[in-house]
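Down below are the structures I want you to see.
Next come two complexes built around chain A: one with chain B, the other with chain C.
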Partner chain A sequence: MLKTFTPGGIHPPADKLSSREATVPLPLPERVAIPLSQHIGVPATPLVKKGDRVKAGQLIGEAVGPISANVHSSVSGTVLDIEAVVDASGYARPAVVIRVEGDEWDASVSRQESPGRHLSAFSREEILAAIQAAGIVGMGGATFPTRVKLSPPPGSEPGLLIINGVECEPFLTADHRLMIEKSRELLIGTRFLMKALGVEQAVIGIENNKPDALAGMREAVMKHALGIEVCPLKVKYPQGGEKQLIRAITGRRVPPGALPISVGVVVHNVGTVYAAYEAITMHKPLVERVVTVTGKSLSRPGNYLCRVGTPVACLIEAAGGLPGDTGKVIAGGPMMGKALTSTAVVVTKGTSGVLVIPESEARRQPARDCIRCTKCVKACPMGLEPYLLMTLGEYRQTEALERARVMDCIECGSCNFTCPAHRPLLDIIRLGKSRVGQLMKTRKPS
Partner chain B sequence: MNSSMIIYTAISLCATGITAAVILYLVARKFRVEEDPRVDAIEALLPGANCGGCGQPGCRGLAVAIARANSLEGLACPAGDAATMPAIAAVLGLEAGTRVPRVAVVRCNGDHDRRPRSSVYDGYPSCVVEHALYRGEGDCPFGCLGLGDCARACAFGAIRVDETTGLPVVDEAACTGCEACVKACPRGIIEARARGIKERRVFVSCVNRDRGAIARAACGSACIGCGKCARECPFGAITVERNLAYIDFHKCKLCRKCVSSCPTGAIHEINFPPRKVELTRVETENTDTPC
Partner chain C sequence: MNKLIISPSPHVHGGDSIERNMYGVLVALLPALLCSILFFGWGALYVTIAAVASAMLFEYAIQRYLLKQPATIDDGSAVITGVLLAFNLPSTIPLWLVMLGALVAIGIGKMSFGGLGNNIFNPALVGRVFLLISFPVQMTTWPVPRGFETTDAVTGPTPLVFVKQALREHKPFVEVFSPAGGGRDLLDLGTGSGIGGSLGEIAAFALLLGFAYLLIKRVITWHIPVSIFLAIALFSGILHWIDPAYAGPLFHLLSGGVMLGAIFMATDYVTSPMSPRGMWIYGTGIGALTIIIRNFGAYPEGVSFAILIMNAFTPLINKYCKPKRFA
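Right after this comes the complex of A and B.
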């Protein structure tokens, strides 16, 4: 019997069109815009100014405060300006715009794994410093600074590292390809993270709709690594959610409002692990990532290794150009991704995919009245009552929303997906979350 | 079955009723809530729309708050007419401060021609939700979203969204200046301004704080913060702060010099008699502006 999480969960069609497409490097664009805020927390402070020459891998934005991340130039060229550029959120945020000239890398970055240096030669501090310097953030989409996650608060006892290779979002295959193509590197990276956390055990969770990735990782584990286990999981969305994955693999339940460390677990995405591997062995900062460009109407869906700051338009061009009947372009997957307002929006550290949806499928169905069927309640992986949260949100019952545990919502969209009346449950729940968040902020000082 | 059964039933029922009535009477005497008689008097004077504009839970809530505080400090009905507050003050035996009558003013003039649509929003039809998601269908991250949260908030039916322009329109006669719409707008576009002499008003119909070039690219009639109006104003009523001009209605003498000086036509005048010469100049300037 394969493991999975309870309660809730849904089974959207997988549509992994690009799972057999090997990762190809994307040609460098003419110009890139590198946002100074690609992570949760305080935006980085720019270190360059208009007219400066930069090299790929050079630090251009410095982390501010404990929860923040460094930002590096992903290309070599001239800084055109530091200006507000519209990002996936739909609002303009400061970014460093660079005209690309050649492909010259910063002297500190070695393009090859430093030979002869054994894993055990790296100390814990060295690993953490390399991850901090490289500006690594959670690449599954949450973009939480990895360094912070690897430094558990005093008093907590991490016992298990879980590597998230679930990729439960339909369409996306970036992590899938990474596990097939870079299995050895991922295991080395996992060993590094285990050392940084001081844990003896790691589990790589992979859904069983990726048999090639499962077989590849298993083979690599047999050959190389100790203390790492590959755990096949039964397909169910949103298994890639941190709390759901912990529940599926260990059976432990993370209490509401608490972090996974409270049950002795730390979860990292495979993309993050690969970035950590590169940062530690090559001093390479996080300046490129695998992005899945996909959609049923695209002529060549595929996986592209592209530099941070590349406009989405370049990726779509590589995948065969934007089809005429396009209705929506989404950054991320169809469940949790964000519809873009323009294809000039750039790839950031957290962009896992670009999804093109034809007009015929893009529009929402008109919402009708709730029929109290409780499908949303059965689908909610956090055990909440989405229909109730929506009603309370509509009537601005902020305190009641808080009591109904709205802050536990992980915004996976399962309720929206399953609602037969097409009610915009998540939109209102998100609004309620922000209101409750404000309420909690005002309460804090007392 | 005999008649005694009916009689016993009727007697016991009556006895139960009388006992319950006595108990109820005693309980009501013992736990009587002393309510200030002025509350009812004050509530009768309020408009009874329960608009929430005063910040209290409805008219009864305001009446209770006033009676309890026994002062009008910070408590006023924004929706009532000029006679409302003095009447309430008379109930309490106090003097009411004079309040300048206000009216809601929409500070966005980005209709579909001036601010073209660059994306389509088909989510939940509410401004707060759209505002939380992205900058809106046009390129202006400050402008009106046109989904009518203000209209739904209005208890007097004084504001509606015009279908052709996509902007809210205020019915000045019906507007009480209660500011419910001001609170409902997630972008802070609506302002309650003084009604002005003969209902005449001059105001900057834009809240865009982006730099001039960016604001202009997003909307043909955005305030670009050039400061021409501030230099033109003989009364020092106009301040430009973070790329946005604001006209202080306490200082404005309605001379309208700023209106004709604005290069983008962002300053609006309301209820003035039509101009003769200047208007044509402003109009030609406006038609020349590229969108």
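Right after this comes the complex of A and C.
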């Protein structure tokens, strides 16, 4: 029996249109806009000003405080301005706009792997410093600074590193391609992270609908035999959720409000592992990533190695251009991605995909009354009662919402996906969560 | 460039709909409908058509003219109410009573609460119980199935009448309910041949076929029907073991409205609990109450009352039975 998580979960159609498309580098855009806030936490402080010449890999924004991340230029060229640019969240936030001139890299970045040094020679401190310097954040979409996740709070004992290769979002194939094309590098990166955490054991979780990635990673593990295990998982959404993945692989349950480290586990996404590999062995900061560009109406769905700050429009152009019937463009996958206000929005460190949805499928159907069919309850991976959270939210029963554990909701959208009455459950639950959040804040000082 | 649509995630939907589930239930009811027409002749069909048509008509009229809402009769739920009401009636019932029942079911049982999703009691059962209390004679005159040959309907007792008879005479139930005593073979209960009863109370096997369909199509889960079956088997088994004058599990399971009630009426989305644990409590309650009413109550049949009583407990069950949390 293959492992998976309980309770709940759904089976949306996979629609992995681009899983056989090898990753190709995207031609450089004419200009990029590099947001200073591509991570959870405090935005970076800009280190450049209008008119400055920058090189690819050069630090242009410095992390502020413990929860923040460095930002580097992804191209060489001239800084045109630092201005507010609308990002995937729909808000305008400061970004460094650079006109691209040539492709000159900062001298500190080497083009090959760790010249003159054996890979095991890196110390824990060196690894952490390299990750910190490179501005690496969780690349599965959470964008939490990786350095922080690698420094467990005192008193906690990490025993297992889980590498998240699940990619349970329909359509997305960036992680899938990475596991096929960069299996060796991923193992080296995993070793680095194990060393940084001081753990002896790592498990790579991959759903069994990616047999080529499973085979590739298994083969690499056999060749290098490094105390790393590949764990095939039964397909179920949202298995890529941290808590669900830990449950699937170890059977352990992360308590509400707690971090995975409370059960001795740390989870990192394969994209993050690859970025760590490059940062440590080549001094290469996180300035480019694999982005899946996909959608049923696109003529050439594919996977592109893309510089951070590239407008989404360039990616769509490479994939055959924006179809005339486009209704929605999404950063990320269809379950948790964000609808973009325009294709001028740029790729950031956390952008795993760009999904184009035709107009005919872009609109929600009108919501009807809840018929109490229990399907949302069965689908919820956190064992909540989405219909009840929705009702309590509609009646603004904030305290009852808190008691019904609305804060456990991971916003996976499974309830919305299943509801035969097309209720906008998650929309209302999100509002409820923010109200409960405010309520909790007012309570804190006492 | 054309304007992009902005909406929060998720951006896809599984494609399930209220209609898909409601029509799923109707498909599952088809084998039983065919059986009842086969056994009771055209009368069964007339009663069903009358119930469905009037349920839809009343729902439409109330929504259009009383509540001034858009009509939703195409969602299939009024059709189900109609079919289920018909399945609870004898095939010889005057059609004006069928229409009255449908009016009560839709008007009082469903629309007065705010329509589909908001009602507390199963609408079809509200209609049925109203008719049973107001018109006891017409509602308990059961024709014996004679297919299409019926010229004059012959009426006879439903098997459940034998339950109380055995208890009154204090004879072992198997003796009273035997072909010699005017009863039937247990197997006949399953196939429905020669058994008096309402349209849907016959042919347990046809109803079980519908159950399988509902499970395969994931319209309902097994929890409620199975817990009702188990509870009925358990409680009747205990009584039968104490005193053989009480009918045994198999008889209770196959006779009367147990199959129809457990599979199609207790599982009504709106009026049944939301968590598996709640479903077990609800189903066990229905099973226990059914056996109590059948053996000790005034009426020979208790499934409808049992379901309505547990309907009333559903909000309470939902309050205290939560699904298993993640952690």
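What we mean here is this: the second predicted complex is superposed on the first by the 443 of 446 C-alpha atoms of A that agree within 3 Å, B and C clash if a C-alpha of one lies under 4 Å from a C-alpha of the other, contacts with A are read in each partner's own complex, and residues count from 1 in each chain.
The working rule: a contact is a pair of C-beta atoms (placed from the backbone, for glycine too) under 8 Å apart; a residue touches a chain by one contact, two chains touch by 3 or more.
None of these values were measured; they are calculated from a predicted model.
By the document's definition of touching, both partners, chain B and chain C, reach A:T341. Using the contact criterion defined above for the overlaid structures, shared-chain residue A:V199 touches neither chain B nor chain C, since it reaches no partner. Once the two complexes are laid over each other on the shared chain, residue contacts for A:I428 go to chain B alone; chain C is not touched.
In the superposition on chain A, A:S89 makes contact with chain B only, while chain C stays out of contact range.
In the superposition on chain A, the chain among chain B and chain C reaching more residues of chain A is C. By the touch criterion defined above, A:V308 lies against neither chain B nor chain C after alignment on the C-alpha atoms of chain A. Overlaid on A, the two complexes show chain B and chain C touching the same residues of chain A, namely 90, 339, 341-342, 363-364, 424, 427, 430.
Those residues of chain A that touch chain C in the shared complex are 7, 10, 12, 90, 170, 243, 247, 253-256, 322, 326-330, 332, 334-343, 355, 357, 359, 361-365, 368-375, 377-378, 380-385, 387-388, 405, 408, 411, 413, 416-422, 424, 426-427, 430. For chain B in complex with chain A, the residues that touch the partner chain are 118-119, 122-124, 128-129, 132-135, 141, 210, 214. Those residues of chain A lying in contact with chain B across their complex are 84, 86, 89-92, 339, 341-342, 363-364, 367, 424, 427-428, 430-431, 434. By the touch rule above, chain C contacts chain A in their complex via residues 1-2, 4-14, 16-18, 20-21, 72, 75, 77, 114-118, 221, 269-270, 272, 274-275, 318, 322-327.
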